[in-house]
Amino acid sequence: MTLKMSMDDLAQFMAAEFPQVADDFVVEDLRPMYLTMRLKVSARHLRPGGTVSGPAIFALADVGVYLAILSMIGPQALAVTTNCSLDFMRKPAAGVDLIADIRLLKLGRVLAVGDALIRSYGADVPAARASLTYSIPPALRG
Amino acid sequence: MTLKMSMDDLAQFMAAEFPQVADDFVVEDLRPMYLTMRLKVSARHLRPGGTVSGPAIFALADVGVYLAILSMIGPQALAVTTNCSLDFMRKPAAGVDLIADIRLLKLGRVLAVGDALIRSYGADVPAARASLTYSIPPALRG
Amino acid sequence: MTLKMSMDDLAQFMAAEFPQVADDFVVEDLRPMYLTMRLKVSARHLRPGGTVSGPAIFALADVGVYLAILSMIGPQALAVTTNCSLDFMRKPAAGVDLIADIRLLKLGRVLAVGDALIRSYGADVPAARASLTYSIPPALRG
Amino acid sequence: MTLKMSMDDLAQFMAAEFPQVADDFVVEDLRPMYLTMRLKVSARHLRPGGTVSGPAIFALADVGVYLAILSMIGPQALAVTTNCSLDFMRKPAAGVDLIADIRLLKLGRVLAVGDALIRSYGADVPAARASLTYSIPPALRG
């Protein structure tokens, strides 16, 4: 399996398609079926006490798996999240970026599945775990 | 079972504890173990094409089940989401508020479980479904 | 929406396609998008202490949503479970049948989604909750 | 972190506590926070066409994470599954054992979380993925 998009391609895609949130996310590493994503934590991601909010953690996993899929199938903005399961296991450290290690487990014609292990930068235990399914529309199935 | 907090109590709690997002959410109906919540959809909840973002849908379900729990156990800001499963079934209508019908399925000493059926205001089919588990810390267990 | 299979049709389908388990399950009620299923609990469904096993609860939800889908699309043995989320909330009563109230939330061309609320017969609180997604193969899509 | 139970201890525990199913499962590898489990597939695990049934896959993940937890906290039969999410990604090979690679992600005082990647023996792509949460009763918390 080979990549159809590079880290630069993914950054440009995000800036063009999701300008509201593109600045929050950085692809830190990429190889076929694997991607590492950073959430640059800022005030709008925080909850009282300084912890990163649940919606921000969801967004990190969702965007990360989405970009991992696009890196393999090409720059299509139309894959749709159909399912997500999340376990919140430890409070993220206050004011520290989050890192998501993502792997694709299935890349089918109709459905793609990936999971994410999320930790505070510098921590060696996970803060959260997520798995996500995407439906790939017929137009993209070649 | 009786309510320990009214709709007004919940609104004041949100304004005090979650001022960043309190204006987005309105409790529309409340009875023991059931709550209806509205997400007042604005630009920051949208994705390209006008649809409501996944993180905004997650936040609606998470805040809704959380407030349903608090309405039964009292104004404690410390219950923690431990698990969430989400099915995204239909694209929400563009620029229309979302309504979440929430029911509590378990209200135990240690864990509480609820689910949410989410639809665009005026629609009769669901856009999304969510179930969430919260851990209730020992200090709150009386 | 109208039913394409009756309760008798579903029972005959189960006996023909899943003879190993058909005797365990009874469709108790059926209307478009809703189905009630009973698991006739016997020794092989039990764990030490007399409680119904997790796999038996999973099977009840899985078979129930599957038959609810077939009741709407016709007797196709090929829909495939792609995702399941389960919350186990209370220990089922020992040696009592389980009842699953099932509703279909989406019946699309590619994916169908349903959920199940499961309780011991005669109980008024749920023992478990499940949501399931099925992929409907192209041959069935007409 | 150190193991409180060896592979032999786990096998004896299974035989004593879950005699109905103990013969189906073999712990193939064990180290702190990681366990590999084999399901010895036999006729009762199969569905028409020879594929392994969903309930058998659920049971493999559930027993595997449970034993991984016990290997760390000791031979307690009382931890209870509270949540499970499953993705079924590829049909298991007919008549081939299943292997589950399990890792514990959290081992807290109240909740433990683990996940499982499941494949047919000899296959290099996963058939299924599962994550599970267990509630650890107060008596076990020492």
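Order of writing sets the labels: A, B, C and D. Residues in every chain begin at 1.
Here, a contact is a pair of C-beta atoms (placed from the backbone, for glycine too) under 8 Å apart; a residue touches a chain by one contact, two chains touch by 3 or more.
Quick caveat, the model's predicted, so the values are computed rather than measured.
Among the remaining chains, B is positioned farthest from subunit D, on the basis of C-alpha centroids. Annotation: 28 Å between the Cα-based centres of subunit A and subunit D. Each chain gets one centre point, the mean of its Cα atoms, and the points for subunit C and subunit D are 24 Å apart.
Shown for subunit B are the residues that touch two or more other chains, namely 82-83, 85, 87, 89, 133. The touch graph of these protein chains is complete, with an edge between every pair of chains. Looking at the complex, you find that subunit B touches subunit D at residues 82-83, 85, 110-111, 133, 135.
Residues 85, 87, 89-90, 105-106, 108, 113, 115, 117, 125-126, 129, 131, 133 of subunit A are the ones that touch subunit D when the two sit in their complex. Across the complex, subunit B meets subunit A through its residues 17-18, 20, 44, 47-48, 53-56, 58-59, 62, 77, 80-89, 91.
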